[in-house]
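Pasting the structures in now, so scroll down.
Two complexes follow with chain A in common, the first pairing it with chain B and the second with chain C.
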Partner chain A sequence: MTYKSEMKQLRKQRWHSVKNHPYFGFLIIVFLMFAVQLLRLMGVDVPVAVLRAFGSTMIFTIIALGFSILLGYGGLASLGTAGFVGLGAYFVVYFTNQLGLSIFLTIIAVVIGAIILGTVVGFISLRIEGMYLAIITLGLSEILNEVFKRATDITGGTTGEGIDGIILFKNVLSLSHNTIFIFISIFLFFIMVLTMNIMKSPTGRALLAMRNSSSAAQAMGVSIFRYRLLAFIVSTVYAMLAGVLYMSYWSFTIPSTWTLGFSLNILAAVIVGGSQSIYGIILGTFMIFGLDLAVFKQIDFFVNNPAITIVLNGVLIIVVVMFYPGGLIRLVQTLGVKLKILIQKLKKKWRDYKYGIDAE
Partner chain B sequence: MALTLNNLFVLWYERKVKNHQTQLDFQQSILPIRLQEMEAIKTETLDRLSLKKAQLLLPHDLDKTVKSEYAQEVYNEAINKVEQKFYWRNRALNQTILRQKEKSQDWSLEEPKYLQKQKELDEKKKAALANVEEEFQVLRAKAASINPIEIEKKIQAKMTAVEERFVAKAKAMTEKANKNIAHHKALLERYHKILLDINKNKETYALDEKVVLKLEDLSMHFGGLKAVDQLSFEVKEGEIFGLIGPNGAGKTTVFNCITRFYRPTGGKMYFRNNLNEVVKLNDIVVHNIIKEGIVRTFQNVEMIWELNVTENLLVAAHTLYRSTFFGHVLNSRLLRREEIVMRSKVAKILEDLDLSAYAYSYPLGLPYGILKKIELARTLMVNPKLIILDEPAAGLNDAETENLAETIKKIQKEYNATIFLVEHDMGLVMNICDTVCAVSFGKKLAIGTPKEIQSSKAVRDAYLGGE
Partner chain C sequence: MINTDGFWRDVLLFIAALAVVHIVLKATVFKKLKRPWKAADISINMMIVLGILFLFYRVYVTVEIPGGGLYLILNGIFGSIVQVCVLALATTGIVLIFKTSTTTNFAQGMIATVAAFSAAKISTLVSAQFPDMNMTYVVLIAMFTGAMFSFILGVFIDVFIIRKSKYPTPVGKQMITMGLVLVFTGLIPIVFGTLPLTVQKLSYADNIQFTIGDSPLKYNITMHSIYALGITIVLLVTLFSLLRFTKWGLGVRATASNELVASMMGVNTRVITAMSWAIAGLLGGVAAVIYAPISGSLQVSMMIPTQVNGFLAAILGSFTSFAGPLVSTILIPILTNLMSIVTSTWQNAVVYIIILVIVLVKPSGLFGKQIAKKV
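Entry: the complex of A and B
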């Protein structure tokens, strides 16, 4: 190899390393999500439903990421997600309406609350496995839901409660519905980066070890107690932060949102997307929460027959779970590989046609 | 241990000692890696400088006759590019001709057209070559304005500056690391002394020198069943100790008691750990056993199937990581450096055991013999003092068993580890073990060298049935 071509290769490698940097993909995904809002700001007529679909996909992706650390890495099933998200949302209501405090203070308070709550649930989970754990967390979520309904002073009871807009600094600036999108995009990007770091670090490996073989994990120095607690704390923090974002995006919440149905939807999003892949989880969340609003509601046929969309969504989930147990991401990966092979074959065919077959 | 102030101090200082010990290991292992990294950066910088020099000198070197290697390359590349381009165009034209020949009814009518095309192509090629030559002429004309001696001097000065800078950097780094090492060593000594001072009341256990593990009347009862009954023996340092017995004799139960998966009903277990202190294993929690220097394998391989082989080994190094959870979340510099150290260690161990080919493959689908070897490799990550193997040869064929025996002996020699194994394959046990202990129904039958065990009547009765 000549010297010059060597240097050329080096430069190529550098670009390759930028392109293959783990955060590069996240940046692109967040940008794509944000582009919808950008189009609207530029004057293109994007339906509000599409906007809402992307907004809720971004927010619920955060919950699903926390859930994937719990289920995909820790191997712990929980059905209490909805209660935690709701609690996060009502934290915002209380801090904004009653105390008039900034959103940053709310976030700090929410993180502290989530750590306490996560520790409690983690302690409960220590002696309980599988289905029973799911039922116990479900009970906890229902308790929280009942509290939302009864504590009418703060939550407004079953009729719900709203905020006028979040406060950045005390009475200085209230963000509008449009600009909050930026806030959520940046937040999602950082959450994805942090999740990725956890998954690739010794912590992620320890969690996987615990899920695969608890005896091997213990023999290698992984404390089951510590890592179960950690998984619960992380997922609770994610869920409650997503609750804060939900509230700042929608500005209104009612207790009936935060029931078993929501928890099951999150579970479905993680399972359908692929429980260990960040991209898969984004896909899964979009399929569960965004597909209906962004795609089906834009087609007249489905608008006239709304029941069909639910059936179709269900069928899609069944098909994915049946044929791709690894999740939607597996499907995308296999399709990508097949496409690459096809392109190579076509290229070779074209080359043979144009230049003739090589002598060797 | 009672919760007194003194004991709290002891715990505090023990923690400090362990912390500094890991820091010391880390500093010692990261230094050569960082120096290597720097060497690579240095060569890259120098290469880039020499390339720049060659580029600056290019017109001068092309003057009349091509002088330098780089100029030769540039010249050849330019010519080659043209040649290549016309080679492919020629080939495409030939292919078209072939196709047309098949299609046409009267080839003689169409032939002149293609011959003309070929001629045109040749002319174009000549023109392109002339063009290249012209470009080089322009370059050569610039040679007058270049002072090669000055350029040479300038670049040489830069190169020496770079080299000096890197030498200084390496020196500073080494000095800093040595300072750190000395610092940690001094602190370690200090804390050891303090520990000795305040730890006078601590229960100390005596073990004969050269004894690593000692069981005293170990009993484990499951309800009415006495799986292990008043068993006691000693394992000496550096030997391969085999525990044999018929099925259900309680061998694996002994292992599970030592590694604290079970809480023994009675008896005491003592162990001389990495720091040469004697600890009572009964007081230690299951996930802290590895920190004392005891690692085990499992009867049916317990892999982490969702991680590849390298990552499987990294899990075993879990206790060596000094970075905290927040470091992991933020992907801190410490964590990244630790990963480098650990990964190089993994690579070394895999190479030692001839497993390098499997470094990045997933354990699912690998042959059973390889999986057993990977489990063995996993135990080596923490520089263990005692390796406990639970039926290493179960499910292996003869060739694999032989390979395993060699590997075990190699580990004993190269890693200075004591090995304690349970095995059914008598061939393997008699071949590699220095001492063998036979048990039946949880009770010790005999202990001694393999030959003594072979000739023991009690053992024969237990296996073949006596009168």
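Entry: the complex of A and C
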């Protein structure tokens, strides 16, 4: 073998190992986001609405990833997501406006707070089976929403509260949306890597076993309570971190965002996308939160009839759930396989046409 | 006038005392009984009842005018009649669907809202045709047609959407109802226009006013709430007697306990589920028409608070029975009104906390039974 062909082989092998690395897809997504942002910065006329839609999608994807560990792996449904995300957002308001602390300190405080909150809530409510967790967390979310509305000194009441800008070190820095967008995409990458590692680790396997049959899992020595608590804490931390990101991206929060509707939307994003696949969740979140802003608002017909976009969104959810219970990602996978078979068939036909049909 | 000093301290102390008594009883007396878990269950029930009674008593004591405490409490109860009716109807619909389809219907409020909108349209039509007609009859006609509309909508949803889905799981059905919420949210402004619509009250006639004993304070009940109470009682009594005494009711109960076995025993479960969706829609429609004049002009999201409360009531009373949710639907608005005497800003949060505490000490709900699960 010549040196040249050996090198070619080596390069091929390296490319193969890079391409099949589990993080490759995440990198591609983050680079796509970078590219959109860079295009905007370079002066290409990317509509602002599209950027905002991608930003929101990335933030809400983080929440949905936490939810997928809870629902897709732990088999627990929570309706309190909105309350936790809102709490994260108001944490930023309090730390920035009242205490004047840096965003990094805020993030650390939020993570610690989320772990404590998740432990307490989980410890109390996880003794209760299935649907009751959903309603308990719903009650908790309602209480938090009342607090957001009534504790006017900190939260600004029903009219909402904004921040002038996030504080990096010491003084107020009003970072532009573009900078924060890039920060969010890097953050999303790390969150995706972390989620992937949780999902594929023994913890994830134990959760999956527990979801499929709690009795069998228990018999194999999986402590149900401990893993459920872990899943709940992870989802709480993700939700509150996403709240911090939301606040730094939008700089404004209002209690009417953090209602049952928001929690249901997150649930819908996870179910519609496919509750156990990271790419599915990104797809689902984009469909629920981003599609409206990024696609429909760019077409004149839908701008004139805003009600139709909501109807279309609802119909999409219904159709996906009715006919593709595995979620959108399953549909995409099936389509991919079908496309591959079609291409193979066409290739064979082309060969037959070019070189004549093989004699068997 | 109202002295709330030490209110929360007293309540918390009382609850702590109850908890201590319960734990001590559990450790000493119940252990020796034949069925200790049953005794513990009864004792927890007693503790909950005592706690709620103490809450009433403490509010009663708060008011320092002679007879004022009773007045505030009773007036609060009379004032929450409409909310109780609305909540009772909506919750019964949610529980009915949960029993037959094992899913929580998030679209319940939206179906009801559609009924309210169509009732508003119809009432304007009717009063334009017959200007001399009594307002009560107009609203009743509108309520009937609106409820029929939501009845048909319920059947439609079950037959054409829920039943056609490929692999129906409880969570999947929930997602479908959520999608329906979005669809209706979009469709209502398209179908009914964006002009503000209103439904009239059932009656604007004189309110009933009376006094109790020789205190000069006047109690006040609106005619609207009396009509609402009458309609609710008639509907619920009819529904419960149907469930109890007819073959359809037997079918519903059989389907609720086990759908597969019921269908094998010759119960037509398809008709049963379709009918329960329809009846839930009807109840929701009536509730929305009763609730509409209170919230002013109709809005797409007007039934959402009722729906959230309905879920909480269903959990508080346990999904396994029909009577338990009813009791909690009476409890929740009255407690909210009661707490608004003590704090005017935090009453909702306090009530939610009370609900959470009750659900935590009694996970199966106020009237629930522990269901043994087979592996």
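By definition in this document, the second predicted complex is superposed on the first by the 342 of 360 C-alpha atoms of A that agree within 3 Å, B and C clash if a C-alpha of one lies under 4 Å from a C-alpha of the other, contacts with A are read in each partner's own complex, and residues count from 1 in each chain.
The criterion applied here is as follows: a contact is a pair of C-beta atoms (placed from the backbone, for glycine too) under 8 Å apart; a residue touches a chain by one contact, two chains touch by 3 or more.
Quick caveat: nothing in here was measured; it's all calculated off a predicted structure.
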- chain A superposed: clash or fit between chain B and chain C? fit
- Please name the chain, chain B or chain C, that touches the greater number of residues in chain A. C
- Query: Which partner does A:Ile136 contact after superposing on A: first (chain B), second (chain C), both, neither?
  - Reply: second
- When the two structures are overlaid on chain A, which partner does A:Asp153 contact: first (chain B), second (chain C), both, or neither? neither
- Task: Quick one: classify A:Lys354 as touching chain B (first), chain C (second), both or neither.
- Result: first
- Query: For the overlaid structures, how many degrees, to the nearest 10, lie between chain B and chain C at the C-alpha centre of chain A?
  - Reply: 110
- Message: Contact-wise, after the overlay, does A:Val311 reach chain B, chain C, both or neither (first, second, both, neither)?
- Response: second
- Task: Mind working out whether A:Ser215 is in touch with chain B, chain C, both or neither, as first, second, both or neither?
- Result: both
- Figure out whether A:Ile224 sits in contact with chain B (first) or chain C (second), or with both, or with neither. first
- Message: If we overlay the two complexes on their shared chain A, which of chain B and chain C does A:Ile124 touch? Say first, second, both or neither.
- Response: second
- With both complexes placed on chain A, how many Å separate the closest C-alpha atoms of chain B and chain C? 8
- Item | Residues on chain A lying within both footprints (that of chain B and that of chain C) | 215
- Item | In the complex, chain A residues that touch chain C | 77, 124-125, 127-129, 131-132, 135-136, 138-140, 142-143, 146-147, 150, 215, 259-261, 264, 267-268, 271-272, 305, 307-318, 321-323, 325
- Touching residues (chain side chain B, partner chain A) in the complex: 44, 47-48, 51, 69-70, 73-74, 77, 88, 91-92, 94-95, 98, 259, 261, 285-291, 295-296, 298, 302-307, 311, 314-316, 318-319, 321, 323, 325, 328-331, 335, 378, 382
- Message: Going by the contact rule set out above, which residues of chain A touch chain B in the complex?
- Response: 2-4, 7, 10, 194, 197-198, 201-206, 208-209, 211-213, 215-224, 230, 276, 353-356
- Message: Show me the residue ranges of chain C that touch chain A in the complex, using the header's touch definition.
- Response: 104, 106, 161, 164-167, 169, 171-172, 174-176, 178-187, 189-190, 304, 308, 311-312, 315, 345-346, 348-349, 352-353, 355-356, 359-360, 363, 375
